[in-house]
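Across the two complexes that follow, chain A remains constant while its partner is chain B and subsequently chain C.
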Partner chain A sequence: MNKKRNILKDPYLIIFLLFFIYPFVPYIGKYKALGSELLIWSIFALSFNLVLGYAGLPSFGHGAFYGVGTYATALTIMHFYSKDVIIPLVVAAFFGGLFTFLYGYLIKRKRGIYFALLTIAFTQILYVIGFRWDEVTGGETGITSLKIGTFLGISLKDPLYFYYFIFLLFVFALIIIRRIANSPVGKVLLALKQDEKRAQYLGFNTEKYVWYIFTVSGIFAGLAGGMYCLLHSSAFADTLHWTKSGDVVMATLLGGGLVNFYGPIVGSLIFITAREFLSAFWDNWMLLYGLSFIIIILFIPTGLLGIVEKIREKKHIDSINNGNNNSTMNGKSRPTKILTKEER
Partner chain B sequence: MNVNLVLALFFNGIVLGLIYAVVAVGFSLVLGVAQVINFSHGILFAFGAYFFWSISNTAGFWIALFLSPILVAIMGLLIELLLVRRVYGQDPLFGLLITFGFALAMEEVIRMIWGKVARSVSTPFFAQGQLIMGDIIYSKYRIILAIFSLLILLLVWWVITRTSFGAIIKAGMFDSEMISALGHNLPLLRTGIFVIGAFLAGLAGVIAAPLWSIKSGMGTDILMPAFIIALIGGLGSIKGTIIAGLLVGTVTSLAVLFIPRFTDILPYLMLIVVLFYKPKGLFGEVTILGEVREE
Partner chain C sequence: MDLLRTENLTKKFGELVAVNNVSFSIKEKGVLSIIGPNGAGKTTFFNLLTGFYIPTSGKIYLRDEDITGIPPFDIVHKKLSRSFQIASYFPDFTIFENIQIGVLNRLGYGFSFFSDANHLTDVNEETEKYMEMLGLKDQKDMKAKFLSHGDKKILDIAMSLTLNPEILLLDEPTSGVSGTERTKVIEFISKLAKDIKVVIVEHDMDIVFSISDRIAVLTQGSILADGTVEEVRKNKDVQRAYLGEEEEEKKVGRDKDAVSG
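Entry: the complex of A and B
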């Protein structure tokens, strides 16, 4: 009984299973590239959520590190090494981490709107470089038709093999990110999200934690960017534009990243499929996309899993009122307070 | 280096900077008083230009000049009442996202109504032609545009620094709760500021319309310069916004001579440098940028 609840509360095994059998599901299984894109986006959104959902920092320029990863992989394949895909991906993760490490040093003290604006400024600088530096980045046309290498000698030309390659990386990334989120570091970050001063009084060097999580997030964002480059065998400056960074914020919020670790995956699932199908059927799908931002902020600011969480909380409170203390909340359920109400 | 070219670029920079400043003033006032990063500010600018295009084609130049900013101000009123009002006092990201979503949706609406093709407006009859000063030939419209923008900015500056309404606005930036404690209607003040900001954005769109081609992405394009200038100048300082506008305008314009391809980077670099050395901006008196700790 107890075991069953734990699986539902922390359902990473179920998620792995679902994604593992996805290519063989009738009707939807044939969209393997879509599945790969979804897995890549999930990694990106999960890494982003370490910053937004755990540390509570409103980064609005996370596309920067994703874009850095894309270009890092593309340039590595083009100029240095194209035989195996692992090395270009490692390079992508490295540069994603390096950029966040350096940038994190500059902004680890900044909070709130200040943080959001500086991240926007940073991604725009990279965007201009990517867009204009024709010699290296290919400028407006980007880097296209890259030759994708093999993975341990296995050709990734077949979409099915490619999907499972991405799936392996997804499993790897999710386990590590989950581990970090559930580690003491994750708890400190949640504390600093709620009340940074108090966390400092408890002796935590909050700036160091912010810097650390920002860098970790950058590593995985870079990795996701590198995988995106492999999927499309190209790299464009578009991913660096600040409006694109809105996508990952949207996906994370939609799923409920603010209150649940798995929110970003749910959000990416809805976001990617909706985008893919709407843009195929309707030219003006951006209208719905914009409106959905408004609807989410106004009506479900804690996202879809936020609703689930609320129901769960209500059940819990009811059960306490009924004198049943057995169903204790374990540490997995996160405080729903991100709305830092004006406390001045 | 050709002196005339440098002078022409310099003047272009000033004109550009003044238009930026008109957009940025509204952005800055909203950010200061309502404490919302208003990402719909750019799209209001675009609507100003599109309204102007449509109305001036049917009803003539003067009616368009007066009617378009008012229509944009009404849009601003609706945005504030229906959307932005709900996120006051919440996480800054929410205000940013809700206005961003609105801007995305409206950009698509513009494409649906006016099509994807860029439109252009001819300069009004009284401002056509060139002005010749010695060696320099300069477009008359740009000069009129610069004077008009400067007049708008001076008017805003006068209202903020010399009238009692301006005093309430400034007080609202320092301590919004105190404003309501003193018996002023804070929600009304915020709505008013939002409408004024929208009006200024619309007006800037109208006067810039003959200069640039009117396209659906123009709102996104102007948003970043506006927000950079508002922050460099410092919130609550009209003087700072004007100076920052001129600075960004002339620097990016003159940089064409040295780094023609990377001029767009300069505003962002300037922003980052200013925010690190003077977190409140060059002339800012207040900050809402979270906890800016004195180090």
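Entry: the complex of A and C
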């Protein structure tokens, strides 16, 4: 009972299992590239949500660091090293982190709309560089037909192998990001999101935390970008355009990243499936997606997993009410106590 | 040695002089009340002492260490802490988490990236102690936003205690709290004052006169009077400027608007 509840509350094992069997699921399993893309997007959205959902900072140009990752991997493969895929990915993560580290230093004091605009402006600057600097980025055509290396000697040409390689990285990234989210640092972020001044008066240098998490987020965004480059064997300036950053914001909000760690995965799932399947039927699928986004956010501002949170809160309030009734009777407050210990 | 001392402390907001040349010292233990009409500069004074504002001129010494210009998050580690006029806490955290977060910091887990925040035995044990002190052990897993107003005020104060302060500044700890809850808050504060120095800004004269060991009167950014309860009560300037006629003292004290007017 206890264990079962924990698995549902923190269902990363279920998520691993589902993605593990995905290639063998009838009908959809054959779209392995789609599965890979979903995993990549999930990593990107999870990393983004450390900044949005945990620290409460609207980093609306987060695609910048994803884009930096794609170019970092592409350029590494093209110019320096193409034998194994790990090094190009490490380079991507490094540059994602370096960019957020440097830019984060400049904007760690900014909050709200200013933070949002400064991140959007940054991704637009990178977009223009990517789009115009023909000699390095390939400009409009981007960098294409990259030769994808092996992973520890295993060829990734087979989409199934490639999918499991991406899956492995997803497991690695999710475990680390989850670990950070549940760590004291994650707690401090949630605290500063609620009341930054209070957090400072509890001795936390909040700007430093903002800077750190922005950097960590950049590392994983860069990694995801690098993976995207491997998936498509190419890098385009498109990934740097601010509308691409908008996609991850929408997906994360839709899934419920503001209140739930797994919201970004749910959001990515909806976004990627909507894009792939709706677009097959109708070119203007974005219209439907946009509409459903509006409807969901209007009625459940915290996103889809916000429903789960709402139910939890309702249970919570009920238990408080019961608790209050019981406490006058003195003895009966015990059952609540045991129950809550289980939860912890 | 003074616990806390200011020298010619001044804070200007443009033309407005909120705190004017205040030299003041706070000694060990007991309750010091700072009273004065609204806009007298009491909250600004607190904000200066805790590093939220940087003074226009003057110095602040904490146990003879110059702390002028040091940010709040460093000052609180020097055992000077505060609570807020509007109860300040993390509404979506449980009561337990609200306390736990400060304890995490004191026990050195502030920058721990990889440990599981909810499974640190020493932090949990320490946090439990506060739950007991607060008398909220049975409600510790309740979200703080569901607390009563008085309990929110107490939670705010308790959060400030998690860094083991020697001086605690309380900005209107009973504002907006009524009746029995008010008594509860006052009892909580007077218990604290046995171990640490408590400085409060308070409008309710009944409370001020009953719990203070010393009272300082602030008007227009300057100290008008400073002394024991009796001294301040008898001070002619204070009576004229602030308390009104002696007979009316209590009545005025109860009516916050009359005081601030």
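Just so we're on the same page, the second predicted complex is superposed on the first by the 316 of 344 C-alpha atoms of A that agree within 3 Å, B and C clash if a C-alpha of one lies under 4 Å from a C-alpha of the other, contacts with A are read in each partner's own complex, and residues count from 1 in each chain.
Basically, a residue touches a chain if its C-beta (ideal position, glycine included) is under 8 Å from a C-beta of that chain, and two chains touch if they have at least 3 such contacts.
Note that the structure is a prediction, hence the values are computed from the model and not measured.
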Checklist entry - Is A:320 in contact with chain B, with chain C, with both, or with neither (first, second, both, neither)? => result second
Next on the checklist: For A:110, using the defined touch cut-off, is the partner it touches chain B, chain C, both, or neither? Pick first, second, both or neither.
Outcome noted: first
Next on the checklist: A:289 in the overlay: touching chain B, chain C, both, or neither? Say first, second, both or neither.
Outcome noted: first
Checklist entry - Thinking of the overlay built on chain A, is A:200 touched by chain B (first), by chain C (second), by both, or by neither? => result second
Checklist entry - So, does A:312 touch the first partner chain B, the second partner chain C, both, or neither? => result neither
Item to check | Partner with the higher number of touched chain A residues, chain C or chain B | outcome: B
Next on the checklist: With both complexes superposed on chain A, which partner does A:246 reach: first (chain B), second (chain C), both or neither?
Outcome noted: first
Next on the checklist: Output check: A:186 vs chain B and chain C. Expected answer is one of first, second, both, neither. What do you get?
Outcome noted: second
Next on the checklist: On the A-aligned overlay, A:178 touches which partner chain: chain B = first, chain C = second, or both, or neither?
Outcome noted: neither
Next on the checklist: Identify the residues of chain A that lie in both the chain B contact region and the chain C contact region.
Outcome noted: 340, 344
Next on the checklist: Under the stated contact criterion, what part of chain A meets chain C in this complex?
Outcome noted: 179-180, 182-188, 190-191, 194-195, 197-206, 212, 313, 316-317, 320, 323, 327, 333, 336-337, 340, 343-344
Next on the checklist: For the complex, give me every residue of chain C touching chain A.
Outcome noted: 50, 52, 71-74, 76-77, 81-82, 84, 88-93, 97, 100-102, 104-106, 109-118, 120, 138-143, 146, 159-160, 162-163
Item to check | chain A - residues contacting chain B, complex | outcome: 52, 58, 60, 106, 109-118, 120-122, 124-125, 128-129, 132-133, 196, 242-243, 246, 249-250, 253, 284, 286-294, 297-298, 301, 338-342, 344
Checklist entry - For chain B, which residues are in contact with chain A within the complex? => result 37, 83, 86-87, 89-94, 96-98, 100-109, 111-112, 175-177, 220, 224, 227-228, 231, 261-262, 264-265, 268-269, 271-272, 275-276, 279, 288-293, 295
